[in-house]
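Beneath this line is the structure, given in structure tokens, with notes to follow.
Lettered A, B, C, D, E and F in written order, each chain numbered from 1.
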């Protein structure tokens, strides 16, 4: 079956729930129409992954995701020869796979990749839309449906890890944020399976933790964490205990921050 | 036989003795029900490994353990092609093995892995529950029974080795501690094969060493060390000599700390 | 077909639009006639890639591009043996491919390559015009049509990444700049599909952003970004929103710079 | 033959001469009975290697030694697939070999191994007694006779190379020292083939050099060096010349220390 | 054909033009007669490569050149096994190739190689004249005609990259300099195809740029650059434009140096 | 033939000329008789290599030399599996080759090897005389004739590269120095083919350069350099020119040192 559709395992099986917080859906669609590569900027857990899954499904495209990291090599992206009984066989890497067959290629946390690996996407990200397969001695011309998408969290950027200007200039960019309180409560209620009131309560608590970000806490509770807390509650765990497991204990190891979060827990949530 | 059950050698053969010190068993079970990845936080030798073995047995799941370290590559976790006489054969790494067949995958001391290797678990740790097998050009959708569990010792965290927020936010977390004195004595007696009085004596000595942690000693005696001392005693070694071999000599190379521990030995234990 | 022409996938299919901003076309042609290797110096997005594509097409040569980076090895450039069912097969790297068959070999952002990888191009860049294929135990004499071209952005040069004098002395060099306002507007109108007035407006906005370069912003908007903004506009996105996606959001993550750019957007562009 | 006994080449052929300096033999035997992993701590050349050979012979076990160093990988310890004409064959590394067939596995100078390689011994060193063979997708359960032994020289420990607490806590430990003067003279006489008087003379000289340790000299003469000097004497080399070759010249390159040792030579030894 | 003469592609096809500036030809010939390995010291572009090509042709020897760099491994120099359909085949590296068949082996910019790679040439560079082929378990005795030649630019030497004394002491050395003005003009006229007057003019300009070396400019214009400028002139480029392309723009990215060179251009050269 | 004698290419073909400067021949012979591993300490070019070749020939042993460097791996010393058409074949590294068949194994400049590679020689250098071949899962017991010899130059030792005490304590050591003036002149005359008077003149010049060592010059002229100068003279090069090529130019790149050496040249040598 995967012979027939090499992207079969990369298709998004059902339309993922996504509640837009601005005009990001319309802008992404226009950018796709212009085949402009897109950077998604935003904090952890705000919904970047969900958004790109949603857009892939909406545009009818397969989604090939690459979690970037410092040891990702150009060959990991582009492909390599595999040795088989009957000789070597070329295996497209995820970037070549997406470019050849016309998928979205989503480079998650691109800023984590070495700047040097990053340059292999350059010819796919400008007017050329080609990918040199040096090991095969040929250039792959991208499928007309192909588009490159990348994400990163600007809050994390360190001096040693920044996108090069020559990379940035090849992309358009959309900035995603946490949804507003009402929208976030709807998401938590929908995804976590709890009543809207309880969800609103969790969102309010999350808001207070986000205010601590930068003051002893690297980041506040994400929407994802609230959904996880809600799911524990539906499995019979008391609300504060659920938030302790799903939010407080993962967020920090620092005793002071832990205490501050515990205090918020008591103040904001019913027992 | 392993053809029939690829997880055969990973099953926990008998129910491991575990004495709960809080509601960790109930919370872990609820988290598993919600398929929420779990971080176990706690000091060395407090029983994290024993706890996860216990939960695996209780939930009827195989347990695939990976001891994390700085040279662990994504391929080590995910898998690779092996060359054979008749061609190449794909060999799942421990993470893919667990995800494919529905085991608990336990990443021991996750904080020791490079942050960059850590990102390969992200798509398995959020709503997607997929593992891209880039070298095969496909995505593995996790077995419904699969769950990711990780552990680390917050006391060890160094500036250069911290879990990224984007990793933390994908996990719920449970904090484990040394059991209280009575519970610990029961464990030492049960596991070390000595009388409860002697065990209590060892636990009291351990408490004194733990008070030295941070003052010349990195950590105090763990429950595990007390069990080892007890076992030497049952083999005819005098109590203080047993504690010297099982606790004092391994704990430190520093002459001052050595002397302090030796003094505790004399003060706390019968000759 | 690629058996007949090993450079088939490297040919530039149609004459790329290029609007010269000086005598670079004539000088490059003379340098090619003298087979003098050429360095293209200039800022990101000013048109270096477009220029070399244009010259390749004009001279009737295939264009083999290598995006340089720190992990590019000599073998990546020169070639390697691939193992096949019937033995090993030599696979020319892009440099050997171009040298053997007479293409332009374009080393994009050469300064990103390790100084040590750079030396492998030395014998091709001086009177010898040979490439030692050490792994084959032979020397490749370059095809008479072959020429080496490299590019870099002098504005990026860091202390740790500089071209060695022994490399520089083997090349002639051309400096490219952003086109003047009128020429740039023509390019944006032509490439972006908008009216010249709107293009001029975008160019004026770009000029203001370039003045910020070095003052909080690494670089200003490139011609390429203006073309992308224009293309969004033709797909129904409002002008300012298009510039936000195509220029402002990609250019910076710094809130102050973001604000400055947003102010320029309001001042320079109609709503 | 090695088919029948995979540990054949690791058996200690004859009982090695060992003169105990404390109760280390009895304590090691009890630790082995409890299958408690053991750390041997002590200075270079004090007899750690000889002791473990002695214990292996006494307990009737094969001894698989691994000299640890910074480039020792987990695969070096655990094993790897070897490609053969008829396909790949799994080759146990020394740790897996010892664990599978029930030998002592002796990790010499464990502190030299990367902390990260060290963690692969953890599951063999606690109650689990398993070794994950990730490349085979299985776990090896250790042979009941197997025991892990490691050594290091606490005097060498540098800030960058320390055993992790989580490693230490899995081991019991024995501290070995140079034997007392009389015992050492007996060893030198027995091993070096000289009269007890001459051996005593060498031991007295060694004692003086050990007093210099830390004062310009990293360490003093070891028992091993005295044995070597004695052996030169039995081959007709004059005593001082023998000590110069076997002790003074190897111990230091520093002219001052050299001179100090030369002075001791003249003062302590007959011409 | 290359079966008959394994050095065929390394022969210098025609006598390269070389104008000696001292007694270097006679001294090199005597050194070759004594089979004394030779270091060529001198600035970039002064003619070291041309000189060694000239000597190779004059002595009737093939010339195997290795451009040294930091990633050059011992195996790159010595050789390796290649896997083929019928088994592995040994492939001599360039050093072994030259040593086995009696060529000049020219290690260009030897100082760029790691000191550690450098040691593999030691046994070929002293009285032994052997090359251990450790991977084959044998030693290669050098062909009587073989000689090792190396070059470096003493002006580049950095603290971290210096030839070890043990390497230097195995070589004799010749120091090459830029030719005197008259000789250089003859070279430029001959190689660049311009009249002697114009060549003299270029040489005078070069002399002024060399005076700037160390004052903002790393090095001045080399003879090679003048030849390139001359060649542009013969293709119809104006003199100053030719010097801009062939000398000024490649030499520096620094605006001040650029301006100084531009001023020299105007002062020294007719329009 | 090499099938019959695996050490054939490592035999020293003729007795190398060696003029002893002390009792080093007798002491080495006694050390060999006691199978005590030997360190040769001494400056570059003083004759360490010649001495060990001489001793190998005198003792009737093959000499397997390894030039140590930082990238020498344990596998390089011990051996590895090679893949062949009919399966893998084990290839002894030089250390295993020498140990298996009973040669001298000479580790030249041992201090250049990583301390971590160095430890693999430990079990061959103490009473065990074994070499673990971990990749084969066996231990090699050394041939009775085998001996380990290593050399280093104590003058070069840097803080980061020192022999570990645990290595030093396994070796005896001999210190070699430059021969006295008369002996050195005889060597130069014999090896360089010049009259004793001229040789004495060169030795006197060398003595003056050695006095400069540490004062701007890393080391003075070695005996080897004098022999090379003499050989140039016998080929018709004038004495001072010969010394310039063979001694002065290789010794330094520093203009001041160069000048000092040039002055010595004029003062000490006839024109």
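Just so we're on the same page, a contact is a pair of C-beta atoms (placed from the backbone, for glycine too) under 8 Å apart; a residue touches a chain by one contact, two chains touch by 3 or more.
Nothing here was measured: the structure is a model prediction, and the numbers come from that model.
Among the remaining chains, none touches chain A as well as chain C.
The chains in contact with chain D as well as with chain F do not exist; no chain meets both. In terms of the distance between Cα centroids, chain F is separated most widely from A. Interface note: chain E and chain F, two copies of one sequence, contact each other through mostly non-matching residue numbers (shared numbers fall below half of all numbers used).
Separating the CA-averaged centres of chain C and chain E is a span of 30 Å. Inter-chain centre distance (chain B to chain F, centres taken as mean C-alpha positions): 51 Å.
Among all residues of chain B, those that touch two or more other chains are 83-86.
Taken pairwise by the contact criterion, the protein chains form one closed cycle in which every chain touches exactly two others. Read around the ring of contacts, with chain A first and chain C next, the chains fall in the order A, C, E, F, D, B. Of all residues in chain F, those touching chain D in their complex are 23, 26-27, 30-31, 33-34, 36, 39, 41, 73-74, 81, 83-88, 114-120, 122-123, 126-128, 132, 134-141, 154, 157, 164-166, 168-175. Note for the complex: chain E touches chain C at residues 2, 6, 9-10, 16, 44-45, 49-50, 53, 64-72, 76, 82-86, 91-94, 97, 108-109, 112, 153, 156, 218-219, 222, 224-225, 228, 231-232, 234-237, 241, 245-246, 249-251, 253.
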